[in-house]
Amino acid sequence: MRLHRLLLTVCLLNVPAWGSDSVVIPGGDFQPPVLLDREIQTTEVEAFLLDAAPVSKTAFAEFVTTHPEWRRSAAPRLFRDGGYLRNWTSDLDPGVEQEAQGTPVTHVSWYAARAFCHSRGGHLPSMTQWEYVVSLLREKNQVPDDEYARWVFGWYGAQRPVDFVDRALGIKGMLGLVNEWIEDYQLLLSNGEQIDFGGGSCGDTARLMVKYDNAHYASFLRYQSRSNYTPVTTTSNLGFRCAYPLEGAL
Amino acid sequence: MITVRSVARMTGGVLLAMFIAGCSQTPTNHLKDGEFMIDGKIFGLAEAEVFTEDYAGPPVVGDYVTALPFLKPLDYKGNKTHEVRIDTFSQMVEVAPGVSFNAWTYGGTVPGPTLHVREGDRVIFTMKNRSDEEVVVTDPVKGMGPFYSQLQGNLYQKNRPSTSPMPHSMDFHSGTVAADDKWRTIAPGETIRFEWVANYPGVYMYHCGTPSVLMHTAMGQYGAVVVSPKNGFPTDDKVDHEFVIVQSEYYLEKAGDTYIYNHQAAMARDPSHVTFNGHVSALIDSPLRVKEGDRVRLYVLNAGPSDTSSFHVIGAILDRVWYEGNVENEWRGMQTVLLGASNSAVMEFIVPEAGLYKLVDHEFADAERGAAGTMIATPRDR
Amino acid sequence: MKIKSKVFGLTATALGLAFSAQAVLAECDHHKDHHDVHLTEHHAHTPVAMVEPLSDESLHHLPAVWRDHRNEPLTLSDLSGQAVIITMVYVGCQTACPVLVEDVKRLYYGLNEAEQANTRVLVVSFDAKGDTPEVLNTFAQNLGGDLPGWHFVTGAEGDIRTFSSLLGIRYRQNPSGGFDHSNVIAVLDRQGEIRGRQEGLAQAPDRLLGALRGALN
């Protein structure tokens, strides 16, 4: 369900400037595919708004135009690594002439992604929100579990873009277009009395699995790989999209 | 200053430039600050450093780092400190005719380079996660050790650069350290540096330990370290040839023009290919060449990730076997050596006569998926 | 688990060169502490100077406005020119957090009075909702931390996450409402760069004390 018109009205009321194509994610129950606690939890997710597509290079160029502190030449290394906006032809020019307008921005750090969303009155989706949407996409488009697993492994293993069109929510990407930053991407697990970041424990998988099938291994790979970024990490396949609270919009 | 996790970001800088070159005939037991010794072995090594650097040089650096099946002889006496760099990055590699996949590699090959040191040596290891860079390994590199000339002399994996940004780590089985420190995972763009001391002799596996460790190893992140015993093997002066063989499995399925990793097959231990030195034809297109009567020493590692190997030389009996490559573990007259995942052995045999010999994993389901190689023996001078 | 770190920012040339050129340095004459050599170099080019622009790695870049247990606003750049001891806790935490505050006190009291006068203490709460300035005030009093130059602060949820990520502190609200978190004490120098960082509870203060003295020099 698209919200173009509704949102236009809302924008006039000067509530945050969401991209004109945000999507309402209906509330519901979510069972995380990875065990972050000793018990299997079901979380109730409230409805929220989510960008239909990852933030584009063009949109990010507008952002750095109005927020000079986030230009490549200005953003302190505290907030990004050396690859930040690499391949841009200048501070303000992502060099997208030859590319489609909607090309997702990549080479952005977590800090930069958060600043962008903040400037739009939103925030990075939480891990629960983001993963909940993935579960909705799978469910509503009736993606077979093994097919989903093949997408995820193909994407992480070989950067194979996933040829999937969501006909239920109107979401682009999320699986096999770019990886996406989320607010609380770092896992935190316990080993006896020690806190483990779930970062590099070889073979430390089974205790985190809800179910030992292909699809759960695929989701686990995503949780785990994402958790190993540092907040300043920038890569050629790491972008983001923003989420917004629903109240205020409706 | 100290930054967090990503320690010093170097603005094009040298960090800890003061590496230590080994002094020949130096006694091993140089303890650095904070280290301690038990039974002549060194423990309590300094914490790993993680930082970012603008390094775009050769991804493999080291005088005793070689491409398979070669092993660089230790041409120094006593102990030495080795500075070794093995970066991790993606590469298209061929594992069988017409079967290529986007591998996660150390140094651009699967298995990665072989490091040779002596018991008691110290290794200062550096690894940059360059998985987001296209790293070319087929261009000439000067003065960085034997690896590139050997690799480029026989590009049987048809190595081509590719990118696949992923977090990775390095776990040397030859090191005795706290894994949560030294073997920790680094993000694309980060570099890790740590030391380990070769406290025990053996033929060891190294691999990526980042979850899913099954996927990271099956994607190609492993290789061998040979730690030769302090006083050598009793046959050292009789050996005519030394070769390194690493056995491993691939779990690939066709997807479009290339192949991708199949997790389901990996979980089911149903490999698409089982190889010696990373390609079903590696040791067939380039056979090991010896003479009748030669004493041949093989350093054999089964990297897995999940399968066993029953290593056998058709037509020969293994005169001596040092299980795990430790001179204390000697066996005689073996027909087959069973190696679990990450087990190894040093195996020696006498070439009985001129002819063609096959090296196989005598688990024939593995041999028929590629775990076979050739050795050609020519007549000796009589 | 460790996010250890201890390399000091150095300036120099390409690493590749370092490998070949410096490798010649033999170590026969025992081990010099090369780290120290570099430390000195580092100090040499960063004299304390207030007029200098913010360094690339300074936490003073963080614009967040905190509110302390005296209900006063505070931003990190207010602390410019002073060394800062930092830890993160939450009031509902029964076990680790009082120990962390105790560790910070031990560190602080390891300084002489003049050094204390140039040192601030920042205790940041994970619990944006529960730990109001009033709650933090009681907490500070109970733990003997309501001292001059000490700030038990709260802030916006997003700022707390930013702050923790800058220090490599991970946390997560668990289903029972508490926070799982790593136990870290960090030291900032006068320019706001991290000069020392320690993980774990009840550790000997020597290393951080050294970092703190270095930061104050």
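Letters are used for the chains, namely A, B and C, taken in the order the chains are written, and counting of residues starts over at 1 for each.
Methods note: a contact is a pair of C-beta atoms (placed from the backbone, for glycine too) under 8 Å apart; a residue touches a chain by one contact, two chains touch by 3 or more.
These numbers were taken from a predicted model, which means no experiment stands behind them.
K.L.:
Return the chain pair with more inter-chain C-beta contacts, choosing between A-C and A-B.
P.N.:
Pair with more contacting C-beta pairs, A-C versus A-B: A-B.
K.L.:
Could you tell me which chain lies farthest from subunit B when each chain's centre is the average position of its Cα atoms?
P.N.:
C
K.L.:
Please compute the C-alpha centroid of subunit B, do the same for subunit C, then give the distance between them in whole Å.
P.N.:
Their C-alpha centroids are separated by 40 Å.
K.L.:
Which whole number of Å gives the spacing of the CA centres of subunit A and subunit C?
P.N.:
So the centroids are 30 Å from each other.
K.L.:
I'd like to verify one number: the distance from the centre of subunit A to the centre of subunit B, where each centre is the average of its C-alpha atoms, in whole angstrom.
P.N.:
The separation of the two C-alpha centroids amounts to 37 Å.
K.L.:
Among the residues of subunit C, pick out those that touch two or more other chains and give their numbers.
P.N.:
1, 3, 56-57, 166
K.L.:
If a residue has to touch 2 or more other chains to count, which residues of subunit B qualify?
P.N.:
3, 5-6, 9, 54, 180, 184
K.L.:
Name the residues of subunit A that each touch 2 or more other chains.
P.N.:
77-78, 196, 199
K.L.:
Which positions of subunit C touch subunit A when the two form their complex?
P.N.:
Contact set of subunit C toward subunit A: 1, 3, 54, 56-59, 61, 158, 161-162, 165-166, 170-172, 174-175, 180-183.
K.L.:
Considering only the defined contacts, which subunit A positions touch subunit C in the complex?
P.N.:
Those in contact with subunit C are residues 36-37, 39, 41, 76-79, 110-111, 114, 118, 123, 183-184, 186, 188, 190-191, 194-197, 199, 231.
K.L.:
Mind pulling up the subunit A residues that touch subunit B in the complex?
P.N.:
77-78, 81-83, 146, 149-150, 153-154, 156-160, 179, 196, 198-205, 214, 217-218, 220-221, 224-225, 228-230, 232-238
K.L.:
What part of subunit B is in contact with subunit A in the complex they form?
P.N.:
3, 5-6, 9, 52, 54, 101-102, 104, 132, 162-167, 169, 171, 179-180, 183-190, 209-213, 215, 219, 255-256, 258, 260-264, 267
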